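Per-chain residue numbering starts at 1, and chain names A, B, C and D are given in the order in which the chains are listed.
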Amino acid sequence: MPVEPVFETRIDRLTILDEHGRFDEELGAGLIPDEDVVALYRHMVICRHLDEIAFKLQRSGRMGTYPENRGQEATSLGAAYALQKKDWLVTCYRENAGLFWRGLPMELVLLHWMGDERGNEIPEGLNVTPLAIPIGTQMLHATGLGWASKYRGDDGIACTFFGDGATSEGDFHEAMNFAANLDLPVIFFCQNNSWAISVPTRIQCSAPTIAQRGLAYGMDCIQVDGNDIFAVVKAVRDAAERARTNQRPTFIEAVTYRLGDHTTADDARRYRDDEELEMWKLRDPMIRLRGWLDARGLWDDSKQASLQEEAEAHIAAAVQRASDIEALPPTEFFKNMYKTMPPNLQQQMSTMRTSSLGRNPETADQSAVS
Amino acid sequence: MPVEPVFETRIDRLTILDEHGRFDEELGAGLIPDEDVVALYRHMVICRHLDEIAFKLQRSGRMGTYPENRGQEATSLGAAYALQKKDWLVTCYRENAGLFWRGLPMELVLLHWMGDERGNEIPEGLNVTPLAIPIGTQMLHATGLGWASKYRGDDGIACTFFGDGATSEGDFHEAMNFAANLDLPVIFFCQNNSWAISVPTRIQCSAPTIAQRGLAYGMDCIQVDGNDIFAVVKAVRDAAERARTNQRPTFIEAVTYRLGDHTTADDARRYRDDEELEMWKLRDPMIRLRGWLDARGLWDDSKQASLQEEAEAHIAAAVQRASDIEALPPTEFFKNMYKTMPPNLQQQMSTMRTSSLGRNPETADQSAVS
Amino acid sequence: MANLTLVQAINLALIQEMERDDRVMIMGEDVGLNGGVFRVTEGLHKRFGEKRVVDTPLAESGIIGTSVGLAMAGLRPIAEIQFEGFLGPAYDQICTHAARMRTRTRGALTVPLVIRVPVGGGIHAPELHSDSPEAIYTHNPGLKVVMPSSPRDAKGLLISAIRDPDPVIFFEPKRIYRAFREEVPEDEYTVPIGKARVVREGSELTMVSWGASVIQCMNAIETSGRDIELIDLRTISPFDMETVSESVRRTGRAIVVHEAPLSCGLGSEIASRIMEECFLQLEAPVQRVTGFDTIMPYYKLELEYLPDAERIGQAIDEIVAY
Amino acid sequence: MANLTLVQAINLALIQEMERDDRVMIMGEDVGLNGGVFRVTEGLHKRFGEKRVVDTPLAESGIIGTSVGLAMAGLRPIAEIQFEGFLGPAYDQICTHAARMRTRTRGALTVPLVIRVPVGGGIHAPELHSDSPEAIYTHNPGLKVVMPSSPRDAKGLLISAIRDPDPVIFFEPKRIYRAFREEVPEDEYTVPIGKARVVREGSELTMVSWGASVIQCMNAIETSGRDIELIDLRTISPFDMETVSESVRRTGRAIVVHEAPLSCGLGSEIASRIMEECFLQLEAPVQRVTGFDTIMPYYKLELEYLPDAERIGQAIDEIVAY
């Protein structure tokens, strides 16, 4: 036969709690215990409130550029919930919900966007990497972290998050390819939120799904409704199982939407239709989850009101901690360049000068050493 | 339906003249006129002989590292045959046969491997790019060249060649992704020859086919028997048609085999089984084509003998031209850095010095200017 | 004449060159409808259409690599890299291909490409949005590197860059994108690549700088009250050593100021060349007031990192006293 | 003691460190069964198995990016990049992540990674197999850069690099991979990173070099018959300015020799620092004998490009006569 099929496949899309509130009992029942659903919902509300406050901080000049996470809370949160503490979360910058669930102190994220490296000083044992600014680069670190777990045989895995735009970068390809060909326990979690700043997803990927990018590597891949935390939890659990037992990676495309501007430096009205936004507001993962809880009598308006208060207090305290932090000494940035500071840096730091007449250690004012 | 297929597809493999000499009349009849098949066969024999001679030149110290093309002649040759003169050939270094078919003077390839940039001085209007040394990088140029044709509306396309190893590089992904999403007339032609130096294809791509890498981009993709020039011609023709009429790219995986070492600097016995090599020797594209010609009475031993003589003369003449070329002046490498030589380079060139006491134009020996 | 910011001057240059030459096209991330994250390409998408102003996938190597192809085919692509910190993924295509194609093919294939890149610190931006990698592309041969410090120069230099037959990296100091306005001729004009500008003449000392630091130098000079010659290099590679040498031979003293780290920065090259060419006239070692040999810190401390009028002033005092 | 080539010395260091510390692993293209294209990892795959000696996909950014992950997790990856010309695709992961992770996270995550890279010209190799990019990784802060010029140093420096808590680029001058042998202690030992070696003492002039050029310097010095001090930097970043300064203060003259292009090469930094630190002792401008500001030509002309004993000799004559 001169033309013969050598490979056949398909991509599935998984939804459990859909945008109309329909819940698939078969897949969904028992997936997440009720009290955990409540906890996840509470967490989402708190994270959503952080966005509001951070936005205001930026507008009032108390914080630099900040990327709202609004509308995408279900993705990283569902993943963090489904994973174990020993698993690495390798994030971009729209995964606050997942990071906080893992235990990252909220003020760290605030400090990061306040232009302070202390925001990246991840507490030991948390197994998260710092927010990644250069798009598409952090997935390779996840591949390496997953590899290290396999090397050590410690049963851990790495789950990395990135946007639709990030899938255009070469590093995305290399990370997926290494993981697939070297059999590494990694979950690649794409948050397809329709936009990369002003560029729509079709410029990043004109294929019918982003999920099918995994086919290039012979990787298991699936599309999920990213605003459905049940679907996210199931997909990540299945992927984690595959990673832990067979050292195989999985690619997950979570279809979600960025309800805010790209960052506080952006104005999405320049390039985005109002209609599209309005449509997606109806698919908000928080609304959907609230509906589910309401229907089961697990939530009500008074609970919501007190949660709102709690959230405000919680965030206010985090903001306070971030704002109250002691000022950095001006020489701070020399200190963590290397484990041991080499002589040229010692010299520059002790004088805060690069000009040689100023940095000559004999003539320099040694009191400047901090 | 909570799990619903959102994409289904398959990859086909195309063979017309198979390794057992079976010819698919339906697809193959009239695909290439008999006299062209003869011409293509003759061309392959001549190219094969070049490898032999180049190998000897290297061993006798008259040429640097050289990568034999042996066993892969049908791929680039079939493609060059199927394309038009205005289409770009953007090659790696195992496409001698296609380049010569296009009209690249043979001595240019020899000069390249003799460490002489004159080997890259592509005659005007030939529409080929120089042999690419950094693996995986040239496909992006093809994407740009195809884009330029579309921009101008000149109906040209670009066809780029690369190995299985090259598909691991990030640039491969970016080239494919740009072409697919911006609708560019480009053919991506992968020569899967089983090895990237000592690394087997499965380390580069553990999926069942390399062809399916195209699925990631929603690109048409096909696997062909790369030692079957009929299949190659058909696949490239179809792809060219798609590119010319719909500005759509195609990904072709041609399954072939590197019968020689990676280059003259390599010793494949260190990592490759004899058995594998012996099996592939039977699938040699030249043997297969000779069989086809013999069966149709288009070829015989005496024709072969005189062709052999012709090939020897042809290559000897090319070697002569490459060896007889005048010596480059020692300052040659300054000359084509920029269209107009900036002062610092003029200074360095005129003195062949970088040390300032030597390059001071006042004191420098101006006679050194060449 | 119009009173324009740096952003507006660049925008105007782009419009005029696109009007003049239909081989000129623009590509990059968010350069289309959005007009670029700094609005440098504002209005171009509307004016010239999506064929000539193209939003690309988010892939810097892809942007430069396809631009190399476009340029080899005879077009005049202008590629925008959104921030200098994202040149990294394109490093290989820039240095391995754009910079080498002419010499590799002895001129048979060339790459008339402009890479526009916002550069430098001082705007309280996130990580990797405040670096100064110009020396990297100076040490790599085969490129031209330009960095204007004023709207007028920006327009003329960009037009030169677009018409240049070789690849040019056009760095735009984002700190002064909108910091001030200047009278800019409305007609097209060029400022030659490779020629410095004497911003201010002086006899006591020569100061060499480029980009946003030129403004810091001016401030320091004014504060010092001294008779200092200030040279704005404008082109980083190949830079105008003649103007620098001529000046230092007169003044006997020199300070180079830049934001990039000290070691192997362009300041080191200039200092070395001054020593080589003005050895006998030098009254003091050339001073370099630059970024430190550390990573540019997150923005809370960026002003500690960047050379400012105070640090430059100290160097002035010291070198004059030497 | 064993009489070893550079290749063998490096191979021995790898074996000993892998025996000593099972967190040490090797990865790269063709490093496994094939033992690397220069056979530096010969025998390691057999000895340590495919878990610890890993052939990777052909993707340099992938090699470095995954190594960053492995290192952050506490392993000690040694990544091989097959030739320095192929560092380009990994530039971003090296400079954006490996070099920044410690300062970014204030030490919470670190990257104890060694990147082994054959470097330099002189072996009649194809394009992009003969470059010298060490200054690029010196200007980029956060890395250490090492380049031995002898088997003994190579072994000790590599062991130091592997044990170093920060990322180290370990350049191996391929021209002297097998050019000569040297007695190398069989036991493990370290040569400290950041310390130069005085190859030969002298009083007339200080010569500073590293890598394969050290051999060219020796030849030139011998031919000149002069009393020249030769310093092999061994570590490029952070380099040992103390040893250089001390020497130049004595000799009053200095020549720096390297293969990389002149402009913004490490020679410019050393010359600037010498001027700064030894200004009053300098009898002549520091001379730089280096590659030209062009692309390294294809091999027919590579010896015209590379600094050799003759060019160095001319500089010696001129500087001494100055």
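Note that in this section a residue touches a chain if its C-beta (ideal position, glycine included) is under 8 Å from a C-beta of that chain, and two chains touch if they have at least 3 such contacts.
All figures in this text were calculated on a predicted structure; none of them were measured in a lab.
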Chain centres computed over CA atoms; the one at greatest distance from chain A is chain B
Where chain A and chain C are represented by their mean Cα positions, the distance between them in whole Å = 35
Any idea how many Å lie between the Cα centroids of chain A and chain D?
-> 38
Approximately how many whole Å separate the CA-defined centres of chain C and chain D?
-> 30
Scan chain D for residues touching two or more other chains and write them down.
-> 56-57, 59, 61-62, 85, 88-89, 92, 96, 103-104, 127-128, 141-142, 263, 276, 284-285, 287-288, 293-295, 297
For chain B, write out the residues touching at least two other chains, lowest number first.
-> 117, 134, 168-171, 174, 177, 181-182, 203-204, 333, 337, 344-345, 356-357
Given which chains touch which, is the overall layout a line, a ring, a star, complete, or other?
-> complete
Given the complex, residues on chain C that touch chain A span 29-30, 32-35, 37, 55-62, 85-86, 88-89, 124-129, 255, 262-263, 284-285, 287-295, 297-302, 304-305, 307, 311, 314-315, 318-319, 322
Spell out the residues on chain B that touch chain C in their complex, using ranges where they run on.
-> 88, 117-118, 120-124, 129-130, 134, 137, 140-149, 151, 158, 170-171, 174-175, 177-178, 181-182, 333, 335-339, 342-345, 356-357, 360
Can you name the residues of chain A that touch chain B in the complex?
-> 2-16, 24, 26-27, 168-174, 177, 180-182, 202-209, 211-218, 223, 231
Footprint of chain D on chain C - complex, ascending | 61, 85, 88-89, 91-92, 95-96, 99-100, 103-104, 127-128, 135-136, 138-142, 237, 260-261, 263-269, 271-272, 275-276, 279, 284-288, 293-295, 297
In the complex with chain C, residue positions of chain A that touch it | 64-65, 112-117, 119, 133-136, 165-166, 168-171, 196-199, 203-204, 265-266, 270-271, 328, 330-334, 337, 344-345, 348-349, 352-358
